[in-house]
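Below, each structure is written out as structure tokens.
Presented sequentially are two complexes of chain A, the first with chain B as partner and the second with chain C.
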Partner chain A sequence: MKKLVLVLSVLLLATIQLFAAGAQEKASQEEVTLSVMWFNDANESDVFMDTIADYLAENPHVKIDMQVVAFSDYEQKLKLMISGGNPPDVARVTNNHLAALISSLEPIEGYVDDVKAVETQFMPASVAFAKDDKGILRAYPTEATANGMIVNKTAFDNAGIDVAKLSETWTWDQWEEAARKVIAANDKIKYGLAVDFTPHRFSTLMFQMGGRFMNSEQSAMQFNNPGTLAAIEMFKRYHDTGLIPKSVWLGSENPAELFQAGIVASHIGGSWNINTYNQNVKDFEWIVVHNPKGAIVSSVPGGKFIASFKDSKNKEEAQRLMAVFSDKTHNEQYCRDTFNLSARVDSEVQYPSNSEDFARFQIDLTKTPAFTANEWKHPVVNKVSTYIREQVVEVLIGNISAQEAVKRVDERAATFF
Partner chain B sequence: MSKKSSYIVLVQYVVIVAFALGTLFPVMWVALSSFKPQSELFRIPMTLFPAHWTVENYRNALGQGDFLVYFSNTVFVAVVATGITVLINIMSGYALAKYIFPGRNVIFFIMIATLMIPLQVIMIAIFLQLKRFGMLNSLWGIIIPPSATPTGIFLARQYMVNLPDSMIESARLDGAKEITIFARIIIPLSKPIIATIAIFSFMWRWNDYLWPLIVITDNRKQTVQQALANFVGQLQINWSNLLAMTTISIIPVIFVFLAFQRFFMVGITAGSVKG
Partner chain C sequence: MKPKRQKGNFHQTITPLLFLLPNMVIFVLFIIVPAFQGLRMSFMRWGIFTDPKFVGIANFKELLGDSVFWVTFRNTLVYSVSVVLLLVVVSLILALLLKRNSLMGEKIFRAVFYIPSLLSMIAVGIAWRFVLGDEMGVLNHVVRSFGGDGINWLTDGRLAMTSVILVSGWALSGYYMVIFISGLQAIPTDLYEAARIDGSTPWKTFWLVTLPLLKSTVLVVVVLSTIASFKAYELIFAMTKGGPGYATKFIVQQVYQVAFMEDRMGYASAMSIVLMVVIGVFTAMQFVFSGKDQGYE
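Now for the complex of A and B:
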């Protein structure tokens, strides 16, 4: 009798186990609709859907509810949804968004076997942006952006300058000499350089001149340093001598439009301009060149990421999708079709055109010190960035000296520590 | 007409035409630039007319996203919301203008005071309310909550205050019910203010961006203004598509204005003169 009870018990347990496993399998195959929030510069949301088409085909229980929101209101909408306890399952975010939202994001750890192995797959600057202040990875890097110089090659050719070759070793003094020759040799070229009206793009000059925002421990702002002062003074001199149009930083002119119109020889923008210039510039030839050397050669890293949120409803499935989207094959496809630099260290993106231009951005990015990313992800730098721009404008107008501007920035930043 | 006064009339016409052209120029520039190839948009010197006419921008823009869906969503929202807004506002305006009840002025004051509160301040509260009422991600969530507008109620009240009380009293003596008085006397007499509120409401709903941004998350329920804003990215702006779709999006507003314009000036100036 005892034996019979034992056998029956074992059979019962086995049956329960079998049913439980079946139920689990059934549950895991239950239909999941992932809400994905995206913003577009061009057609990135469509390319995202194309990129993950194979994943969706292999996982028919996963559906995507794509929500495209304009970039200008993207952060506001995300914050609204997070406050309302209703965040999306997956969202595309920039490095600036990460600085503001990182504490609301779900850590990657716990959803992958080895998070350290994941980190090593991406560029250190991108990983730095994606980590919180405790060093926990909370987003997958997708694209990298690099600030850099794009030139009107036709205008340089007309001045007898092989700008691609020169830029391999050029300094800012050599760039200035060349730019003046280009202006003299081309009736249409009125200016040597246009710089986007953002503190991020200005920081390209600052880092190149050996400047920085903070001290090396990031315990205080240290905008008052010889490199930053040199960058502001150089920037002012270029404005005062007409090498840079005043209409951008002291007006509202769009530097990319000035470049496309063919009246400036060089533009400090970034890797994202390649796509736009490919479509819009038909009257002259342009190329990406290496950044001129000041104290160092430096670009400024930035990028885009995908992340899930602590309060997302389908975190498991969201993390699975993000991991697949960020793997080598999918990332290469996405970056190729959106014309972006990859954030992966092992990527070999085969662009349909402009491979050399992307390569130059990538080379300068590898020469860029890691502290540039760490400074730009610091919340205080983000809080005072608009103030920095205002102070640089004050210097350009002539209302204050460069020395006064850096002093003011340090004082303002001190209130946030 | 003396020679001097005809000169004055001529100068007046020249000034009016100059102002009209000045006002029209940006709209004309947008419409004509939407037919320029992308590479021509940034050419200096700028030209008003395209050197090479193309409809490529329209083709690209219509191919990117479901613009027909966005347009039908916007038409539905603008038309239905305008109907509801006009009804609620003229009923409120009528009550505040012609009925005497305790707290009438306080209620009117509170309604007007809501004009001082920017939407951004109450955005999170609205989001939570809409979530609770199950109106998130629904076109009715765009239509219903902002239907009663303080501006519309104010305009309706100011207009209706000037309607003679004796007419309403005569109707009552003849045995007309309140709803009959409202439908058969007040509404026909209020056509100018109805047209004014309708134009304002339609334009506001057509161009509204922030409210749909709070309410809608599903791409298929977006309005035209949301879709237009999507052409402006973090680092790039698709000017060609933006110009093409902007040109299409202003056409319905122009038609509505033309249809109601004869009532518009009467309605907008109503209540501004005492008499």
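Now for the complex of A and C:
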């Protein structure tokens, strides 16, 4: 009898185990719909879906609900979703978004075996952006971006200037001299330079002229410094003397459209413009050149990232997808097809074209001081960035002096410390 | 003696209330509750990801010394007064021209003038930026093809403000035209007949018959367009981003910037409360100045 009870008990236990395992397997295969929020510089949302196609094929229980939002509305929408307790499972974010949102992101730790090993796979600047103030990694870097100069090579050729060679050592004075020759030699070229209507792109000039946003300890804003003043004054002089069209910073015209139309010789944009110009520029040859030297040579590092949120509904699956999307193979595919610089240190992206252009961005990034990334990572710089842009425009219009502008910015920023 | 109000039966009383109930629920949930929430928030220091902290009237005190807020306030007033005047005049003229339904193609014209008000204001703003842009704009392309230098429609502060006022007038006058047409069609035709027999000129008829009898419609148009103009944002932002400088920056854009860029929800709420009070005062003034006798009934 005892034996019978024992056998029955064993059988019962085995049956329970069997059912439990079956239920677990069923649960793990339950359909999961990941909500993914994305913005496009060009075709990134399509390439993202292509890149993870193999992951979705291997995991048929995972579905993607992709929501593509215009970049101008993106941050506000994300903030409202987060504050409403309903963030997406996965979102594409920039380093500027990270400065504002990092505390709401789910840490990577806990979803990978060794988070330190993950960190070593990416460029230090990208990892710095993706970490919070306690040093916890909260996003996977995907693309590295660099601000820089793109020129109409055909127009420079017409003026007898080998712009690629000249740019290896040029200063802003030499750029100005060359730009005036280009305008004189080309009927269609009206201006020397267009700079994106963002404080981030303006900071390219500012860092090059030796300026900065904050003091070195980052304990206070210090926009009032000789380098920043020199950059604002140079920017105004270029506007006043017709080297830069007023329509961009005063009339919010799109500088990329002016460049594509062939009426400006150079454009300070960034590595993300390569994809757009490959698709849209057909009438002339363009190349990326090195940034002109002011006090120093500098680009502005930035990046794009993929992250999940503390309140996301499907964090486990989201983290799995992000890890796969950020691995070497998938990241190389994504960066190749979107014409972006990879944020991985081991990346060997074989671009179908523009290899030299990417190389120039990379070289300028290596010359860029580390504080440029740290300043753009600071939340106060992010908060006052629109105010900075407004003050620069006030100087360009002639309503205030550069000195007054930097003073106002420091005063405004002081309220956030 | 005051006549005694007649009580209706239960169905007569409750049925209209039931019909109104869904609208009332939506109104309370999406207008009244958020308005009170906004008022509460205006006394807080609060970031979108941080806990609110009561600060009394500190936000309102700070507003008094905020020069950017007062620039946007002045811009909003200039824009609002100009747009309301423009809308009343243009849409009334259009309505007078198109009220009779007797001209050839009149329905087509009505539709053509009305269509812009159906479009997204962002789309309208972007489209007009393509028309008025300094370098890439269609209008300047035409000007330059005739040997001109191009006009700084959006890069000169005064011209930029004029441009956004005119474009707003273009975009919205069709909507108010329809309101005026319904008002004009409600005026009894025998009054016009009597005026004609008395030898009144069309101009005199307009001043002495049409306009007095259109008073209530004018008030509706003025109130609606004033409220809309104080809240203007999408069209102007798409056209000028508030520039050049602060030339076309209005209160709503500043509220957005302070709330979502600077992460100061409490301070932005204080600005919104001031805006709400100003709109309320303007609306009340319009009712007071328009007098008690609103109609011809």
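What we mean here is this: the second predicted complex is superposed on the first by the 386 of 417 C-alpha atoms of A that agree within 3 Å, B and C clash if a C-alpha of one lies under 4 Å from a C-alpha of the other, contacts with A are read in each partner's own complex, and residues count from 1 in each chain.
The rule is simple: contacts are C-beta pairs under 8 Å (C-beta built on N, C-alpha and C of every residue); 3 or more make two chains touch, one makes a residue touch a chain.
As the structure is a computational prediction, the values presented were derived from the model and not from experiment.
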| item | value |
| --- | --- |
| Partner chain(s) touched by A:83 [first = chain B, second = chain C, both, neither] | both |
| Which of chain B and chain C A:245 touches, first, second, both or neither | second |
| Touching partner for A:399 - first (chain B), second (chain C), both, neither | second |
| First, second, both or neither for A:383, with chain B first and chain C second | second |
| First (chain B), second (chain C), both or neither touched by A:65 | first |
| Touching partner for A:100 - first (chain B), second (chain C), both, neither | second |
| Contacts of A:257 with chain B and chain C, given as first, second, both or neither | both |
| Which of chain B and chain C A:353 touches, first, second, both or neither | neither |
| Overlap of the chain B and chain C footprints on chain A, listed as residue numbers | 83, 257, 261, 263 |
| Interface residues, chain B side, partner chain A - complex | 38-39, 41-44, 64-65, 123-124, 127-128, 131, 136, 210, 213-214, 217-219, 222, 226, 229-230, 232-236, 238 |
| Chain C to chain A touching residues, read off their complex | 48-49, 68, 129, 133-136, 152-155, 157, 160, 240-241, 243-246, 256-257, 260-263 |
| Residues on chain A engaged by chain B in the complex (per definition of touch) | 35, 37, 39-43, 46, 65-73, 77, 80-81, 83-84, 86, 88, 94, 145, 257, 260-263, 270, 272-273, 275-276, 279-283 |
| Contact footprint of chain C on chain A as seen in their complex | 75-76, 79, 82-83, 100, 103-104, 190, 197, 245-247, 249-254, 257-258, 261, 263, 383-387, 390, 393-394, 396-397, 399, 416 |
